[in-house]
Amino acid sequence: MLITLKKESRSLEKALAGRFRKVPHGERIVYIVDGKIPEDLLAELDIESSKETSRSFKLASREYSEEATRVRVGEAEFGGPKIVICAGPCAVEGHQLLLDAARAVKDAGASVLRGGAFKPRTSPYSFQGLGEEGLRMLRGVSEEVGIPVLTEVTAPEQVSLASRYADALQIGARNMQNFELLKAVGRAGRPAVLKRGSSATIEEWLLAAEYLLLEGNWEVILCERGIRTFETATRNVLDVAGIALTKTMTHLPVIADPSHATGRRELIAAASRAAVAAGADGLLIEVHPKPEIAMSDGPQSLTIREFELLMKEVKEIARAVGRCV
Amino acid sequence: MLITLKKESRSLEKALAGRFRKVPHGERIVYIVDGKIPEDLLAELDIESSKETSRSFKLASREYSEEATRVRVGEAEFGGPKIVICAGPCAVEGHQLLLDAARAVKDAGASVLRGGAFKPRTSPYSFQGLGEEGLRMLRGVSEEVGIPVLTEVTAPEQVSLASRYADALQIGARNMQNFELLKAVGRAGRPAVLKRGSSATIEEWLLAAEYLLLEGNWEVILCERGIRTFETATRNVLDVAGIALTKTMTHLPVIADPSHATGRRELIAAASRAAVAAGADGLLIEVHPKPEIAMSDGPQSLTIREFELLMKEVKEIARAVGRCV
Amino acid sequence: MLITLKKESRSLEKALAGRFRKVPHGERIVYIVDGKIPEDLLAELDIESSKETSRSFKLASREYSEEATRVRVGEAEFGGPKIVICAGPCAVEGHQLLLDAARAVKDAGASVLRGGAFKPRTSPYSFQGLGEEGLRMLRGVSEEVGIPVLTEVTAPEQVSLASRYADALQIGARNMQNFELLKAVGRAGRPAVLKRGSSATIEEWLLAAEYLLLEGNWEVILCERGIRTFETATRNVLDVAGIALTKTMTHLPVIADPSHATGRRELIAAASRAAVAAGADGLLIEVHPKPEIAMSDGPQSLTIREFELLMKEVKEIARAVGRCV
Amino acid sequence: MLITLKKESRSLEKALAGRFRKVPHGERIVYIVDGKIPEDLLAELDIESSKETSRSFKLASREYSEEATRVRVGEAEFGGPKIVICAGPCAVEGHQLLLDAARAVKDAGASVLRGGAFKPRTSPYSFQGLGEEGLRMLRGVSEEVGIPVLTEVTAPEQVSLASRYADALQIGARNMQNFELLKAVGRAGRPAVLKRGSSATIEEWLLAAEYLLLEGNWEVILCERGIRTFETATRNVLDVAGIALTKTMTHLPVIADPSHATGRRELIAAASRAAVAAGADGLLIEVHPKPEIAMSDGPQSLTIREFELLMKEVKEIARAVGRCV
């Protein structure tokens, strides 16, 4: 049972003797109670709301909040009527490239700049990112162009550092069940984009989000980025019905990453249209001024021109589902 | 190498000594040649066109025909600008129900009626279909309502029977690699809808189509119906990027079956919108006047009312991608 | 409920009014009853045994028969203490090769010769088998060498033909849910090897077996041949715990096909040892006198020498689990 | 190219200008060189060995070392003729339970005690482990019983703490691509057990091992613990052929975790026998004195009695493959 109070209640906590977790939500306190609350005590409490859910993820569930949660990153608002586009290079590689990308994606209609300074790479011999130097470039370009930035963190000790430079933090698919990282980001005071693990069920994904919420971070954006299947013609398989289903299960916004989902430049537009048509609240797209020299994920990065065309198509689809970009 | 001639060439066949397959295509003859053709012979032949493809599926490949193939079923045309909607009950259960369904889906904009008389069921204890009686009902309702019908065949010996009653034949996901069935349908003289197997790669699917084409049946419509993955929240996962990719690999039309892909009524609209947004040429949707009493697939069947709403949404998406319904 | 009677009971059938299926089992008749049987009627019947099962597959369930079913093919007995080895080329290619293979595998300890005359091939351009000519070769070699033969059928119309030549019939992975084929083999009067579909759950596999049993064919041998997963380093993944689990769910014998499971010659010995260690009742192994010229599955065929070595290893494992080869 | 020298070479490093990584291996230095080394320089160097590999994982490859690497944890040696058994409760829950478990598994033949103090749990509401208190218990019981202990770490900051108490560190399946954790364990000076991610390919797994080796930790034991597939009857599917294949690709020892692979107590013995038959160098098994009260993974924990029986079976299989327990 979920009970929301205006302030903490010592008498409730005493009566429950450890059978609860509590989480601040704005100016309220949510108690997640395991088992029953004595009737007389219930009568005494100044309860704002009281909810039941049979879901394993409590705070993330639609039962907790029928209203969709909106998450702001700079001027962008995820979960509202607008489809939010996050775009930029896979990795931060240098100031000029990043600046070019930032200007171009903003001009084309993106509201958030993406770029990785800490790159989780399958091979230790691949480019691992510029680290703090990359974060500094992100911040600089963000100020110069006037666009908020989203960047990935891969270990708890990077969280406070990245929070100083970035407007929002990303937890990658490989780290969806890196629980210490989830807890650290839950305490970071920054909106978080939580990617679905490549073989995670939707329930596991929402339980990972629950780790963030339980630490008091309610600004969580879920990101479907394709799941791993037997099919090798595409890097992953974008689960569009999964996006629609997730939105019925949780109040959190859900976006899609067509770049990682397909791994192939020529399919990104189709996957983007499909995701928005299915109800995605936003897109996360890899764009690189010169994909052929990208240090990471070149084959799945759009050129500026391709991104501009994509934006036009996405706008049409957004309108068809009663939204805008 | 694929060589198209106006008529059969005995001298070519003799020179190739078995290193070829030949297939009629309209009034032309296509020779699929393994290896080289002697230069002097090439000069002699009255060649309409000559194509190379590195694909394992030759006739089905885009290299064979850059132009999209259009397949007619009654008045409906798959592969053209119009999104073709096929709808109806999973199984033919009785005349009145079928008639109600047919009228309703036609009124709402469907161009083809679907309904199964031979039902491939996981359990031998499940309803197996009405057989020829079901086919007769389909034909009757088709005439009464004025809508062509599509029905599934599950064994070679059903093909000629079903061809007498139905306008188009369906090969189900479980039979995608039932090669004797493919050959029989390849010789049936009816357009065929070939579903992707639930764990078939796109290449395997196109090779299954090749079996049909090689028998001379060029009227093949591919149907993506979701693939089997680790995720159990939905029956299958609709591979929308796979639809887009398939269309780059083949000239055949590709439609989607959101009903089997999701297995959940509440997700069918989202999956339908996504499929059309990704480039699907049509949809195959289970609609039942009373899903709660359906003898098969009730939980994934739309009511008439839900189907009407879906059609409105699909029309908007079709317009957004420059097509119509 | 499953009721076994010494002979058919008209009064029972009348009382049940269609709520039953009946199947001969040896000299007995099994009634599979849906719902209750009137108490007074129960008292009247000469019931041999009466069983309940909550399984979807009734006749195949362990609840129906706690005792393991033993299936004889020639002198070989599947499901008893002996591990039965079936070996031979993927496809029948010619008399001499088959004869060489048959003699060699028999000498090394195999009890059944395998060989395909009807080959289900992903590509229509691959070798499709010799058909009846291949069956004739199989029969000839069988007589000459004194070893029973197992061969695959891929369509209902092949069943009676193949039954004339072969001692046992195989239903391949791609046809596990080819229900018309299952029914035909269920009526063939020949033991059947039923392979697990490459993405079939164990329950679906046992329901496919149920199709055979319901037609009166109790001589069913299940064969695990690897399932399709995301891993591409091997052709499939052999589900050894699945073998152990299946044996707790059904009374039918379960064998393994390490050749298709791995697709790589160098892994077949390890997979064979693992399967027997996990409880498999037999092995189905591709052996070819000259794998480098095999018309099908060469890379996963063992040479005679490799097969002899494998047999020694399997014998050791069989002994370790209290069985023999 | 991999070049092993007796000591560092400044002239080599200078000539390569950054095109290398170097790693100490015992008293030698391995240079992993990208591209060519000037011929004249090669002649000058005092080269112990020089290897080529086309593998993406260099140090972990069989090409680097044809000889199997042996890793010692206390008295136990992984990768030698003996099958090493690691057993114990999933989580450390209390001193007495752990002590009982340790004594029992040691008596039955286990050489390493397993037990988790930091538990990565899908749900934040599940028991998360005792942390340092649990580590202290592990150390105490280890001393008391005389058995080395293996425990899991889930974040870089736990590594030095856990290294003080444990003889070996485990990286769980969910953290296989937690690269910061891999680097920390690579520097920890403790043998490491690296589990395969539930949807990781073998190549990705070996690249994760490469992260450890590159930091100078050569004492890496790989652990196959089942992969995620469409089948839900078991928790995962144990990839036995994958174990055999991995051993051909790397010189590192490979063990199996039948508890997580199956998730079902009744299948653990079969999976253990299969793993050892396929060539596994050891087993990691969950044993709990009272599984019915276990705070984690009760359904897949063996009782002491079941573990004793299992050990007898495993001994027989080990003997059959020419090894011992």
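Chains here go by letter, A, B, C and D, matching the order in which they are written, and residues are numbered from 1 within each.
Rule of thumb we're sticking to: a contact is a pair of C-beta atoms (placed from the backbone, for glycine too) under 8 Å apart; a residue touches a chain by one contact, two chains touch by 3 or more.
Computed from a predicted model, the values in this text were never measured in an experiment.
Any idea whether B-C or B-D has more C-beta pairs in contact?
Higher contact count goes to B-C.
Among the chains, which is located farthest from subunit D on the basis of C-alpha centroids?
When every chain centre is compared against subunit D, the largest gap points to B.
What is the distance in Å between the mean C-alpha positions of subunit A and subunit B?
Subunit A and subunit B have C-alpha centres separated by 38 Å.
Between subunit B and subunit C, what is the gap in Å from one C-alpha centre to the other?
Their C-alpha centroids are separated by 33 Å.
Calculate how many whole Å lie between the centre of subunit B and the centre of subunit D, each centre taken as the average of the chain's C-alpha atoms.
Distance between chain centres, rounded to whole Å: 49 Å.
Tell me, which residues of subunit D touch at least two other chains?
Counting only residues that touch two or more other chains, subunit D contributes 199, 228-230, 232.
Taking the touch rule as given, give the residues of subunit A at its contact with subunit D in the complex, in rising order.
Per the touch definition, subunit A meets subunit D at residues 21, 32, 34, 56-58, 120-125, 154-158, 174-175, 177-181, 198-199, 204, 207, 210-211, 214, 228.
If we count contacts the way the header does, which residues on subunit C are in touch with subunit A in the complex?
Those residues of subunit C that touch subunit A are 199, 228-230, 232.
Which subunit D residues qualify as touching subunit C in the complex?
So the residues of subunit D touching subunit C come out as 199, 201-203, 227, 229-234, 237-245, 248, 258, 261-262, 264, 266-267, 270-271, 273-279, 313, 316-317, 319-321.
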